[in-house]
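So, here's a batch of structures to check.
Both complexes below contain chain A, partnered by chain B and then by chain C.
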Partner chain A sequence: MLKITDLELLVGGVAHLAAINASFQPGTLTTILGRTGAGKTTLMRAIAGLIAPDRGQILLDGTGWTRLPPWKRPVAMVTQQFINYPHLNVRDNVAFPLVRAGVAKADAAARAEAALARVGLAAMVDRRPSALSGGQQQRVAIARALVKKAPVLLLDEPFVNLDYNLREAFRKDLVDLLAVETGTVVLYASTDPREALQMGDQIVLLADGRIVQSGSPRDVFANPASLTAARVVNDPPINPIPFHQNGVADFGALGQQAITLPSGAYTLGLRASDIRAGGPHQARVTLTEVTGSETLTHLSLNGLDLVMQEKSVVLRSPGDVVGVHLDLHKGLVFGADGQRAGV
Partner chain B sequence: MKTLYLALKYLAIALWSAFVVFPFLWALTTSFKSANGVTGGATWIPWVQYEPSLQGWQSLFGGVGGINVVKPFYNSLVVTLSASVISITLGTLAAYALSRFTFRFLWMRNSDITFFFISQRIMPPIVLAIPFFLMLRSLGLLDSLPGLILVYVALLMPIAVWVMVDFFNGVPRGLDEMAWMDGCNPITTFWRVILPNALPGLVVAGMFCIIFGWNDFFFAFTLTFTETQLLPVAIVSLNSSVTPWWSLSAAALVSIAPLVVLAFVVERFLSKGGLAGAVR
Partner chain C sequence: MYRQKYLFLLPGLLVLVAIILFPLLFTIRVSFSSWDVYNPGLNWIGGENYGRLWEDARYWQALGRLTLLSVTTVLIQYVLGFALALMVWRDLAARRLFRVLFLIPMMTTPVVMSVLWRTIFHESLGPLNPILESLGIGAAPWLSSAGWAFAAVVIVEVWQWTPFMFLLLLAGLLSLPNEPYLAAKIDGAGPVRTFFSVTFPMLGAISVGAILIRLIEASKIMETVYVLTSGGPGTSTETSSYYIYIRGMRDFQIGYSAALSLTYLIIMIVALTVIAKLLVRALVKDAA
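Then we have the complex of A and B:
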């Protein structure tokens, strides 16, 4: 088990990681989900030993890692950039960590070829990385990470620099590849909530260097504990609609559970998919984004900026007026402190 | 239009080639001439325009009117190669450290320290000559090969550091970090991963060191007397009241031959793209 306690890292007085406490079981894939700059890469680099934390401990099966240099940590890592050794061919690239660990060259080469076969590069073992496409180069990096059989595997947005179709295909392949790594703690950093929902056994939400929530992907998505968590776990981000409640009221129809709210300021978080076209509220279009087969329409409604998500391609121009329906009963209510209210 | 462009391009290349090759051709034909052939006007084709003579080449091995270049050639080779190897070795290690680790000395940071190395080459050589002379004299190394090697290391290492720092800065740090995670400590990372990928930089630095070392006349002249003569000094000593142009030309060709051979040998290492496929 990989355990992190009270991990803290300051850069120029600014906390890049703060009060990180988490434990990760072997055989599970945990997605570290957060927006750009949330601290995902910093956390992975701290686990790998590439940066030293100011406080806290990292333990693998009870053994402290914090003072170990990276070359003494049993960690494999795949980064956003496709990093390979340019002077070695693909086979030697993958065999490299084995040879460094003292495995006989012939054995290392055989194991490297087997790993390359698993990632679909059996025919390219004699090529140099520069003769491969970006996707193939990243497969080499993944094979090199897998061949080590390290107890901790860190995948830092490994597919972020690939095009959409390759990313989707690789994600599925990776899940299949990792299914047999039953003794490995796998941490997968991502900015994409859909990726986290598809891949992870567990999800850890990171914002501003802090863990804001963790749990099973479905639970976290259905019940974000705070407005920050709701923003991270929803893509497009959840629509915050501020409102004020005077006197205790029962909002039984609001959200998925009956809630009772005392007087105060609140924010209703409404997912972009919970706003539909064809309703009574007249909203003005400010921007239309078509992504694949979806349309994200940015709207202005009574001074509120909202995003509506539709599962079809709908072309609207800025300035158009569109009638929308808000499924308020699906909304999540958050208190003035940003925490979930009434649950 | 395209034909005209091509024609102009080839004309320019031809003119430049003639400009570059002509002095070599002149030296080559002159080296096969005798006194009469040299003073009788410009001639180019042996056996037709002039009677070829091996007098110039024979004089390089102690023949009449010349000097024996074997020992100066050997001295130059030893000094240049030794100084270059030491400079490249020390310079590469220093450059890797300056590229990867943060150093502070008073107000100076890495870039200042790097500049400090190369600043020695900004000074006029005469400024360095006297201190070098005094130091070698106090060490008893004046007019000796070790003394010259020591001075040339001091002169060549800044070049190696300058070239290699720039090259290492171009090698992604991600490559070092990946090597660490693959089990290499900083020394094996340097040896197994960074150095093999720095080969083009090493070749460039080596070329600069060898060219500067081989061609240097000033320090070879001021720090030696009679025992340890380097090739440039030996060649210049031919230039007396009656210059034997045939011997001078042959000696000049001998002195540039190693550099020409070196250029052909290392040319393939100088192509760009050595780090392609490292980080994308």
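Then we have the complex of A and C:
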């Protein structure tokens, strides 16, 4: 088990990681989900030993790692960039960690070729990384990480620099590849909640260097503990609609759980998919984004900026007026402190 | 119309022929003559000079000494230059300081530098022997013993040209991508292993270039030997260039020194070509 306790990293007085406490079981894939700058890469690099935390401990099966240099840590890592050794061919690239670990060259080459076959690069073992496409280069990096058979595998947004179709295909391939890594703790950093829902056994939400929630992907998605968590776990981000409650009222129909709210200021978090076209509220279109087969329409409604998600391509122009319906009963209520209210 | 483009090349070609080809062709012609202090002119004597050269043990000894001197100095320069470049590679302040500091020996005129070193090596008046004595190492007959004189030439050459290696290799190190170093750390390679598995192979092409440039320059060594030892004691530090200079300019055997020069040129071209191919095969992965 990989255990992290009280991990903290300050850079120029700013906390890049703060009070990180988490446990990761072997054979599980945990998605570290957070927006850009949330601290995902910093956390991965701290685990790998590429940066030294100011406080806290990293333990694998009870053994402390914090003082070990990166090359002595049983970790494999794939980064956002396609990192390979430009002076070595693909086979030698993948064999590199094995040779470093003292495996005989012939055996290392054979194991490297087997790993390359698993990622679909059996025919390219003699090529240099520079002769491969970006996707193929990243497959080489993945093969190099897998062949090491390290107890901890860190995948830091490995497909972020690939195009959409390739990313989808690779994600599925990676799930298949990782299915056989039974004893490995796999941490997968991502900014995409869909990836987390699709891939992870567990999800850890990171914001401003802190863990804001963890649990099973479905639970976290259905019941974000705070507005910050709701923002991280929803893409497009959840629509915050501030409101004020005077007097105790029962909002039993609101959200998925019955709640009773005392007087105070609140925010109703409404998912973009819970706003539909064809309703009574007249909203003005400010921007339309078509992503694949979906349309995200940015709206202005009574001074509120909202995003509506539709499962079809609908072309609208800025300034158009569209009638919308808000499924308020699906909303999540958060208190003034940003925490889930009335749960 | 298409062929007229060659007309535009003609002036440049003529200059090239004049400055390169003519001296070479003239030297070839001179090498087949008996031109010396008594019989100046291009009197044809066939391959007599080349026959004499073949039996000239002093020439071949000078060539062997030159080979030893070149290989020794360039290897030391490479190792020292690489070590110094690695030391300051990651340190910006040190890099700036050493880059300026190390330019000084390179900017020094070889003759001036050799005079300075001759003073330093002076066995009774120079500062080196007292320093060695104070350190308990003992004085050395720097310029009066064959072995020590050879060592003195090596030291001066290394002192003057290590900065060249340093600057070339530092430029190479600074051009290396950072990503493979990150990968090497993750893949279990410590600093020493990273050097041999990542830094050294990635600097292969630059290393070959630097070594070859220095070998070409070292094979022409003349000023240092002339000022520092005059080829002595005896002929113990005499190199090919210096021997050719003695035969040509001191003994005025123009025909014979032309034959010596041409032979030397051919040997150097062949040797450096072979060395270049071997170095590329050994150090540059793309050539494999």
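Operating definition for what follows: the second predicted complex is superposed on the first by the 343 of 343 C-alpha atoms of A that agree within 3 Å, B and C clash if a C-alpha of one lies under 4 Å from a C-alpha of the other, contacts with A are read in each partner's own complex, and residues count from 1 in each chain.
The definition used in the following text is that a residue touches a chain if its C-beta (ideal position, glycine included) is under 8 Å from a C-beta of that chain, and two chains touch if they have at least 3 such contacts.
Predicted, not measured: the structure shown is a model, and the values here were computed from it.
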> With both structures lined up on chain A, is it a clash or a fit for chain B and chain C?
Replying inline: clash
>> With both complexes superposed on chain A, which partner does A:71 reach: first (chain B), second (chain C), both or neither?
In response: both
>> After the superposition on A, what does A:158 contact: first (chain B), second (chain C), both or neither?
In response: neither
>> With both complexes overlaid on chain A, does A:200 touch chain B (first), chain C (second), both or neither?
In response: neither
>> Is A:39 touching anything from chain B or chain C once the two structures are fitted on A? First, second, both or neither.
In response: neither
>> If we overlay the two complexes on their shared chain A, which of chain B and chain C does A:209 touch? Say first, second, both or neither.
In response: neither
>> Under the stated touch criterion, which partner chain does A:130 make contact with: chain B (first), chain C (second), both, or neither?
In response: first
> In the superposed arrangement, does chain B or chain C reach more residues of chain A?
Replying inline: B
>> If I apply the document's touch criterion, which positions on chain A are contacted by chain B in one structure and by chain C in the other?
In response: 48-50, 69-71, 75-77, 79, 81, 83-87, 96-97, 100-101, 144, 148
> For chain A, which residues count as touching chain C in their complex?
Replying inline: 48-50, 69-72, 75-77, 79, 81, 83-88, 96-97, 100-101, 141, 144, 148
> Which bits of chain C are touching chain A when the two form their complex?
Replying inline: 177, 179-180, 182-190, 193, 197-198, 201-202, 204, 285
> Can you list the residues on chain B that touch chain A in the complex?
Replying inline: 172, 174-175, 177-185, 188, 192-193, 196-197, 199, 273-280
> Which chain A residues qualify as touching chain B in the complex?
Replying inline: 48-50, 69-71, 73, 75-77, 79, 81-87, 96-97, 100-101, 128-132, 134, 137, 144, 148, 161
